[in-house]
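Shared between the two complexes below is chain A, which pairs with chain B and chain C, respectively.
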Partner chain A sequence: MRKELPIWLGTMAGAFVVATRWFTLVNATGVDRMADRLIVASYAAAAAVGFIGLTRVHLRAIDARRPLWGYSIVLLVAMYGYAGLLFFLPASAPLPSWIFLNVMGPVFSTMYGLIAFFITSAAYRAFRVRNLESGILLAAAAIALLGNSAVGGRIWHGWDGLVAWIMAVPVTGGFRAIQVGAALGALGTAVRVLLGLERSHMGSPQG
Partner chain B sequence: MGFDGPGYGARLLLPGYLGSALLAALLLALMLICLFRARHGLRMPHLRRLPGIRVLEEMVGRATEMGRPVHMTPGTDDPRNPQVLASFPILRQLALAAARYDTPLLHTSADQIVYALSDATIQQTYIEAGRASLYDPEHVRYLSDNPFAYAAAVMGMFRRERPAANVMFGNFGAEALLLIEAGADAGSLQLAATSNIFQLPFFVAGCDYTLIGEEMYVAAASVSGDPMLRSTVIAQDWMRLVVALLVLAGAIVHTLAGPSDPLRRWLQR
Partner chain C sequence: MTALRRLDRRWLYLGVLLITVAAAVWPLRIAPRPTRETRTAFDLAQALQPGAGVFVYVEYGLGSREEMDPMLAAVLGHLADRGAHIVIAARSPEASQVAETVMGGVAARDPAYAKGYGQTWVNLGYRPAPDVALRAATSGIAAAYNEVDYAGRPLAGMPILQALRALNRTYFALAYAFDSGDGFAPMIYYVGTPTGLPVIIGAISMEVPLLQPYLAAGQLAAVIAGARGAAEYEALAGQPRRADVLVGASAMAAIYVLAVMLLGNLVARRP
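Entry: the complex of A and B
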């Protein structure tokens, strides 16, 4: 019963919410909007799990003097300090806004900026011609690079048309095929979960 | 709440949803037929085992030989995304292998609820494998719900703990490449699975094995070897055939009829 009840509840609630997307009569009940609000509420409660989990992990790290434990102190001070600040001030107040924009902004920009360099190293590994497929990939990438760089235009003016064709025909065709397959797979997963066949996410064996 | 527009209340289906409702009903019917056949031991088509699934055990074996951990992430989305739900059977399979080989399984997540679900899944799997004492709650980590903060934490972890295998199974955003390169730098054997078409090229470029789009859902359903779950994958394949025929029919009808395409108008009713 401990395992069956959540599955039955999930199936009933899921089927009802799915029905709101298609059937006018069920849609009029507004149960999907209520479910959305419940999800938001459950996330607010679950935030506490993350808060407690982080505190527990980093307190243990400090207590055991694990490598780089000093950063655990920084994390706890920042986390509790900022949360404490928001008890007294709204998030839109100048001080919390200043901290957020001047700390988080540069940090995230730095992380995003790193991607440019990682693209180069990933491309270096990907563009080694090991077989026919990687050869085609290399050729397509070389054309796309030439078509999008100034030097390409100096060599030949036809790159733009070639790049446009690659993007509009093989790339769009491939993307759409993947999207159709993924949509069917997602639908299949949803049905498996609703039928109670797939229950790994509940810590239970499948079937 | 309530009805909008004239004649709205007289309809069974919401306007514009006939096509999707028909396709969903057909998929459900095909799945039920396949489930019936599997339950009664009737003949079913053979399912090819995906290379990305065959390699899961090998990844844990490699980590065991090297004396290093295995890392798994379900991406940076929440459980409302089916890609995240599809990651749990894989997590279960990895946890089973990790428990069997006594190899640490590091699991990181970027969502509080995914963290709680993953923790429960790993703990339960270790108990079922009879290795409950090997379960370490500190190996299941919620890092941050911000993708870049999450990626930064994982990159640091990779540098310190150098996992021998890295399984990325779920939905990823721009942080995907950061994780891939950190894994490559740590010398990890990498398996990635996503149906996010914008990150797929990075996974294909940077990882040793990639499951593309629907393959991740197929892997999730077939990894356990349960015939009931595998039968639903066969239904999905039949459905794919139906969609392909529909695309072909749509192309022919649209070419012949032009903008007044009756098939499209009927499906969008």
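Entry: the complex of A and C
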């Protein structure tokens, strides 16, 4: 029962959503709106589970004095402090907005900005011309890099056209191939879940 | 040469830091020539009649603000100049705050928008399961957003949503998504393709290759690409020039990364 019930639940939920998306006759009964409400409810439930799970993990870390347990205290204080604040004030009020924009803003910007450092290091160590293919890749990267930063257009008038061609032909073709492959893979996985053949999401080693 | 081969990555990081500081202390302004995509986006907005409905979906977070805020401000400023009626929604709680801040700045410059909340523009904010809300909005905006706006005010009394009832071609002329991840996809899947509403995506530079197949297929009307696209749009629309400095900074960084790349190859090739 521990295996069969989740499989049946997954199959029925999947079939229900497929029916509401693909058959307009089904939607005449209003079940598509019910499906939407269920999805919203599942989002809220997932957030609640995440809140509880995060609390348990970090309380255990503090209790056991695991390495860097001090950061767990910071996390819990920030999480419950901000959530508590929103019990008394709406998220659009000046204080929660100010905290959000002036604390989270620099944190996220820092994380985003770190990419520049990693790109530079990778450019020095990994972006090597070892054969014809990697040479072509390097040349295309250099053209796109200078084109996107508007330097190329200053060097030569036709640079922007070259970048436009790279984006319109090889990039479009490559990404189409990736997206079609990913979509077919997702479709195959979805069919396996609907048929109860895919069980890895339940922790079973059987794929 | 041996020293270069064993170069500590911290020297490379120091170079990035110096470029960043130099870009902040001595800002380099570069005004790029508009690309065809940016010009298309501008032309579509320029053709709007006063009072035309425009949906603006903000999907980027706080980390991408430096690159995306000038673009969003330029487009919203242009839409305000055209007298468009703007309905804003967000894909995350942080994006709803970002949208409010940027639109607040744009509205402050124009009396019709500064005092016209609920008439000329509205911020619907974020709803859990945002893709569901977006899809539901194609048949009724107010119901999809639980009948309240970003700040919890009722939508029922707002004239803008009495005129613009649903997110489709009947009521709206254009839809935008400003994105820093893969959040543009719901706008194409649930709004653009089913309703035929022209969709314009404003995206960070890194994301632009992902958009190319949709652009080639005609599922997107136009793409505004990164800081460069923002600078191009500002120039075309006569908006305050904030992105030229970003283009200058990214040009300095691009030259540095290219130099590092070439140096790495030279070092690797020397015996």
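Simple rule for what comes next: the second predicted complex is superposed on the first by the 182 of 207 C-alpha atoms of A that agree within 3 Å, B and C clash if a C-alpha of one lies under 4 Å from a C-alpha of the other, contacts with A are read in each partner's own complex, and residues count from 1 in each chain.
Please note the rule applied: a contact is a pair of C-beta atoms (placed from the backbone, for glycine too) under 8 Å apart; a residue touches a chain by one contact, two chains touch by 3 or more.
In this text the structure is predicted, and so the values were computed from the model without any measurement.
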Checklist entry - After superposition on the shared chain, which partner residues are touched by A:142: those of chain B (first), chain C (second), both, or neither? => result second
Next on the checklist: With both complexes overlaid on chain A, does A:111 touch chain B (first), chain C (second), both or neither?
Outcome noted: both
Checklist entry - If you stack the two complexes on chain A, which partner ends up touching A:191: first (chain B), second (chain C), both, or neither? => result first
Next on the checklist: By the touch definition at the top of the document, which applies to A:150: first (chain B), second (chain C), both, or neither?
Outcome noted: second
Checklist entry - Thinking of the overlay built on chain A, is A:91 touched by chain B (first), by chain C (second), by both, or by neither? => result second
Next on the checklist: Contacts for A:43 in the overlay, against chain B (first) and chain C (second): which applies, first, second, both or neither?
Outcome noted: both
Checklist entry - In the superposed arrangement, which partner chain does A:179 touch: chain B (first), chain C (second), both, or neither? => result both
Checklist entry - Looking at the overlay, does A:121 come into contact with chain B only (first), chain C only (second), both, or neither? => result both
Next on the checklist: By the touch definition at the top of the document, which applies to A:129: first (chain B), second (chain C), both, or neither?
Outcome noted: second
Item to check | chain A positions touched by chain B in one structure and by chain C in the second | outcome: 33, 39, 42-43, 47, 107-108, 111-112, 119, 121, 123, 125, 175, 179
Checklist outcome for this item: Per the touch rule above, chain A residues touching chain B in the complex are 21-25, 27-30, 33, 39, 42-43, 46-47, 49-50, 53-54, 57, 60, 67-68, 107-108, 111-112, 114-115, 118-119, 121-123, 125-126, 175, 178-182, 184-193, 195, 197-198, 200-207
Checklist entry - Along chain B, where are the residues that touch chain A in the complex? => result 1-3, 8-9, 11-14, 17, 20-21, 24, 27-28, 31, 35, 78-80, 82-83, 85-86, 88-89, 91-92, 112-113, 115-117, 120-121, 123-125, 128, 138, 141-142, 145-146, 148-149, 151-152, 160, 174-175, 177-178, 180-181, 184, 195, 197, 200, 202, 204-206, 212-214, 216-218, 220-221, 224, 226, 228-229, 232-233, 235-236, 239-240, 243, 247
Checklist entry - Can you name the residues of chain A that touch chain C in the complex? => result 33, 36, 39-40, 42-44, 47, 90-92, 97, 100-101, 104-105, 107-109, 111-112, 116-117, 119-121, 123-125, 127-129, 138, 141-142, 145-146, 148-151, 153-154, 160, 164, 167-168, 171-172, 175-176, 179
Checklist entry - Which chain C residues qualify as touching chain A in the complex? => result 7, 9, 12-13, 15-16, 20, 30, 32-33, 35-36, 61-66, 93-94, 97, 100-101, 125, 127-129, 132, 135-136, 150-152, 205, 208-210, 212-213, 215-216, 225-226, 228, 231, 247, 250-251, 253-258, 260-261, 263-265, 268
